[in-house]
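Note that chain A is present in both complexes that follow, paired respectively with chain B and with chain C.
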Partner chain A sequence: MALSGLFEGYDPGGFFDEAVTSEGAPRDHYEALVRRLEGLTPHHLAERERVRDAAFRSAGITFTVYGEGEGIERTFPMDLVPRIIPAGEWEHLEEGLIQRVTALNRFLDDLYVGDKAVIKDGIVPQWLISSSDGFQRAAHGISVPHGARCLVAGIDLVRDAEGTYRVLEDNLRNPSGVSYVLENRAAMTRVLPRVFDDHLVRPVDHYGPSLLNALRRVSPAGADPEPTVVVLTPGVFNSAYFEHAFLARQMGVELVEGRDLVVDDHVVSMRTTHGLKRVDVIYRRIDDSFLDPVVFRSDSILGVPGVMSAARAGNVTIANAVGNGVADDKAVYAYVPDIIRYYLGAEPILPNVPTYLLWDADQRRHVLDRMDELVVKPVAESGGYGMLIGPSATDAEIAAMCRRVEADPRGYIAQEVVALSRHPTLVDDHLEGRHIDLRPFVLCGDRVEVIPGGLTRVALRKGSLVVNSSQGGGSKDTWVLASPEARTSRGRP
Partner chain B sequence: MLARHAESLFWAGRSIERAESTARMLDVTYHGLLEAMPWEAERSWMDLLKVLWLDRPFAELERGVRAATVSEFLVFDPDNPGAILSSVGQARENSRAARELISSELWEAVNSFHLELRSRNLRADVEARPHELYGFVKRSCQMIAGVAGETMPRDDGWRFLMLGWMLERAEMTCRLLDVRYSQLVTAGATGGFHHWLQTLKSASGSEAFRRRYRASMDPADVVEFLLLSRTFPRSVLFCLASAENGLARLEAGRPTLTRPQRLLGRTRSDLEFLDSHELLEGDLHVFLDQMLNGVRQVAESVALQYFRNAQEHDIHALDPYGPVLELG
Partner chain C sequence: MMPVTRYDVVYRTSIHYDDIVRASQNELRACPASDDHQQVVAYRTTTHPASRVLTYQDYFGTRVDTFGVREPHVLLEISAEASVETFPRALVTVSPRVAELRSPSFRDRYAEYLGRTGHTAWDDDMAEAARRVAAISGDDVVGIVLALHRFAHTSLRYTPGATYIGVDVNEVLAKAQGVCQDYAHLAVALCRSIDIPARYVSGYFFAASESTGEEVDGDVVSVQTHAWFEAAIPGWGWLALDPTNALQVGPRHITIGHGRDYDDVPPIRGVYSGGGRPNTQAGVEIRRQTAVAQQLQAQQ
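Coming up: the complex of A and B.
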């Protein structure tokens, strides 16, 4: 079955293509979508793109890009071709994600309020933990109900040349992007409603209530049975402000800034029009170092002086917990498979990407010899900042990275380049393959829950492997198909 | 609700009202002058600046008082924080700061208005089709008011939005009357039909006035209508009564009045029990000045009571172990 229309001349290019087999035929679960897209004209799609852009702009769904003079508000481009994950594949992912986040929560609890068994038993070296930028001594002894230290986790998955899903990195501090999952879905249903025909797509719009539920479950023991939850934002100038406001709205709770909160006698309250009101749970979207000027950076004006002492006194829960950065340190990442085996006594369901630790002299030598074939990343950064992609880097860039690695081998890791899977993506008037990843969102309250799908990010530049929104990436609506049993039980053909 | 959000909504309401009033007055001034003598122009533009309390900042720019310079200053001059473009920008920023409290429809209405205004060639619009431009601003503001009314729950957020809106409108109408009236006094003229018609149009009240007073264009009637009408939504009394009602609902169940309520009630009753003919014989300017002062004090006390957490300061000032108040 040859491809036609928008797919005219579509070439998987030797990569694993999500929608099309290497023989050039649509995969089973893409069949209906491909046929429907073939029937659309470029003109029609261009018109649909205008509708989409106008909708995003007037809704103010924007993020701020820094580094080009003053911050610029941009929309996060959503490609009109959705990504589809069949039910069986998703079950596997869901199981693997729950396993991974469960183990990471156990690991963090062990480090901060446990007896550090993972270190004593020689699974992870002590020095690696204490040298991690993300490890916060100030969080020692502060417990979180149900051990839900990663209340929201965003686990970045990629698919390699064989189509195997691998974990690229864990985001356990303030993973962002979930607002785009919901907004992309809302936009798709408005812009291209008919492409949903013939699919039973699992909904995502219960994220707000699920998040609120998880946050309520971690309210301090003895708190009001109807705990007061707030979202703490650095303010309107933060690049993710739209998302912070979005989440507060989805949950129906207050969006506060540091200056709206006061701590008195280890109790956190917010300033309302009718005086102070006690706060039980803070879903903070401020980094650890800005959270409490008493404990962390004293020059932070975004934070809440005394909030750590209130958490220590058990009067407020901070989510995600302080100090989670130690577990998404990219060097600790290399140990996560062992961490899973250690706490859960099971083999990891989702494998890592092969990773080299650069303080090990043998591994470092091996890496420095073939920098042009590897990806090198700083261990504590996120958002794609500061990384080197060997195959596309200049000699000067490689030399500079070699010097940085030799000066601070603990500060970097190297990974094999993953030939990220590609997905048909609209480029001008036709479709081309572009590299994608997937960030599913995992919620932990008294149980662990994964929102179907997640954020599919797409590297819009031809050949690029970098999908971050700050680096020219876009996104796709991500469809998890309901299993055939669910189809029949809901009375759909 | 959060004190900061209350403040943002209060100012969002004020800014939208300001943009609308400015557009309406620009429209009326511009079109009124088309039928006027050339020498009247400069004075009319100067008066408009006075109504908006922008005469001094404008004079400092030394641009000469002409239709083009004043209109550009009031529509899009980046140095004028009271320009329509700046007001709408402020309304948008304040809505954004209280984004999760207002409905998505309201946010989109404000945001779209802001984006569309910015994408226009405002200089060309002011020059070539001012009526269309001011109509667009008025319609957009009215649409925002309508969307707010249809989508916002009547909670405290709504009340602060309306409080800002109504206080700004009351001030605008007072200032409009003040300037239009003082114009007559200084010119020594009786005013005449067109002068007062224009005044009414600036407050969007000429039709409502006609229905109520028919053919009359007695200055006392106009003053009475704009100050004291109980039915016209831009009269000062109507605005103050709405604001007072909102304040009362904010404090439902409280046994005593708050300071903003007392101040506003006093200002409103000074107005309500007034005789407009007496007023015209006395000094309208002095009275309007009192009104404006009253409204400003209300706004200040609202800020202290609700935005700066007067209660919080009170609580901290209270010393539970301090001297007991001796009775008798």
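Coming up: the complex of A and C.
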């Protein structure tokens, strides 16, 4: 059946389209959604958008964009058309994510509290670790209960032209964005309630309790059975402060800044109106280098002097663990498939994107010749900062990147451009395909849990492959459908 | 029979503040290492005001004593007392060629000690100087290391107070003056600039003065902490040299620990709140226990 209404003239454009086949028919799991959307008029849609905008304004959702002047805030736009992932596809993703994060935790434990067997056995070279900015020697010897060093991981997935899901990058330090997952869902059920009710969508609103549970599971041995958890934020000027406050509220725990915590005899306490209260687990949303001025940057006023010694003494757990940056270093990323094979003795379920390591003279020459076809990224950045997209870069930008690569080959990687899958997205009064990715959130306490779906980011500019919110992207509510068995056993929710 | 020397070392730091300090948090790296060249017999730390000291071994294997003081104070006194026995070091008996420095397995094994760090970020001029010095020694790695060591020694005039921690190593060479940390950083940077792995060593030195290395008349000296460097020799291991004194490191040197540069092994590091400006006085007293040494030797 041809597409009509809002879908009039919709063209997959030779890309893998999430909702529509190359023949222009809705995929099975999008059938109901497509038919609903076809029935909406532009007038109807404008009204739905007003409902959405009001929902977000009242929730106060903003996202500070660096590089656009200080403190500019704007709403993080949620597209009205949700992304749908069928149960079987999600099962595959979930399995792959659990495998990857399990291996990354093992890797980090090996480096910081183990024998560095991964280096001794020649899987990863010592120099790669030594030269990683994210490798924190000050974290040596600090263990985390259950080895849950990545308590929260955000793994960025993309889908290529064949529809294969690939890992684009790992975010193991302070992955942000989960608040949008929850807020998008809350808004979506108000904006398109009937469409939502047509589907058996797996819930995401247990994220707060799940996060709190994971944090409690990593409290130090011998801590109170009802451990005290806090969220440590750098403060209101941080771009993700909204999320820090949001998560503290979701968990029902205190949101604190460094100055609210004191360390006495290697025990961390927070100042309260009733005096000091012992803290067992710190969910910190503050970078390693600012965490403790005794061992890191001595000029940091955001951190807590002595918190590292308290962690070392086993009196507090810092989550995510200090030094995770070595594992999401984009050059180390290239080794993750081998890391998975090494620790788990299994083939990676989710493949990487083809990646070139630029310290290798042959690979570098090959890359420098094809800069206009590749993506080049700095190894220690996240959020799309400092990245070059060859096909859309100017000659001057390419020349500048060549110089940076030649000066610091360890500092960059190159990747093949992935023709990211596209998804119908509302543009003015009709739908067009826009490129998307997916950041699922993985929680590790005493077990590994993936929140169904994650943050689907969409490049709102036509043709753009950059989905980062900091680079002008938007988001979509992401629906993971419950399996048919779940439908029969649980019935309608 | 291996000659053994016993030293009793007392490290003391007192920090006077010109206003009341509400809290301070510190890390002390003052305990001698136990390794092939020395053995710690006893060690203890004391702080005033008193504190609960947590001890751990850091990434580089150095013992760290970390403690916080949370009562108001204007004076913080820290002392570390150690008894340590030192043994002579073997002379290098290999003569590897320069090509061996390029072996991937050698480079990877010493990867920590090949790169630039805050205090060892050499520039092109320094690398050029290192190449010139090395050229005279031809193809012999040990010869090159000894030549760079000598070059570091002769390039600087020992000048207390001429530099500060954090000074750029290239600037040190340009101004041609410094103290033991500067000599050590300069030697490390020179070695690394021509691909010889090198590391910074913090320790104590039993000598009448830090800068002349003269033998001591009596058995007691009052000095400061000292610093030197080690270079990795293919097929051998670390060769320890003291560029401040143009000496091979021997039984009068007592190692605390090593790192990529000073920042990995500072004797004391900390932060405090309140208190205005600190005035720090540090000193080391080393007592050679001749009688003990003789007894130890008699037993062997």
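Observations on the structure shown:
Just so we're on the same page, the second predicted complex is superposed on the first by the 488 of 493 C-alpha atoms of A that agree within 3 Å, B and C clash if a C-alpha of one lies under 4 Å from a C-alpha of the other, contacts with A are read in each partner's own complex, and residues count from 1 in each chain.
To be clear about the criterion, contacts are C-beta pairs under 8 Å (C-beta built on N, C-alpha and C of every residue); 3 or more make two chains touch, one makes a residue touch a chain.
Note that the coordinates shown come from a computational prediction; the quantities given were computed from them, not determined experimentally.
When the two complexes are overlaid on their common chain A, residue A:V295 makes contact with chain C while staying clear of chain B. By the touch criterion stated above, A:P305 is placed in contact with chain C alone, chain B being left untouched.
Of the two partner chains placed by the overlay, only chain C lies in contact with A:A313; chain B stays clear of it.
In the superposed model, A:G141 makes contact with chain C only, not with chain B.
When both complexes are overlaid on chain A, the residue A:R194 reaches neither chain B nor chain C. In the superposition on chain A, contact of A:E254 is made with chain B only, not with chain C.
Shared-chain residue A:M270: touches chain B; no touch with chain C. In the superposition on chain A, contact of A:A245 is made with chain B only, not with chain C.
Touched by chain B in one complex and by chain C in the other are residues 262 of chain A. Considering their complex, residues 1-6, 93, 96-97, 99-100, 104, 107-108, 111-112, 115, 156, 160, 250, 306-307, 309, 311-312, 315 of chain B touch chain A.
Only residues 23, 25-27, 51-52, 54, 56-60, 66, 68, 70, 107-109, 111-112, 114-115, 264, 269-271, 273 of chain C touch chain A when the two sit together in their complex. Contact residues on chain A toward chain B in their complex (touch as defined above): 57-60, 236, 241-242, 245-246, 248-249, 254-257, 259-260, 262, 270-276.
Interface of chain A with chain C (complex): residues 125-127, 129-131, 137-138, 140-141, 262-266, 293-295, 298, 305-306, 309, 312-313.
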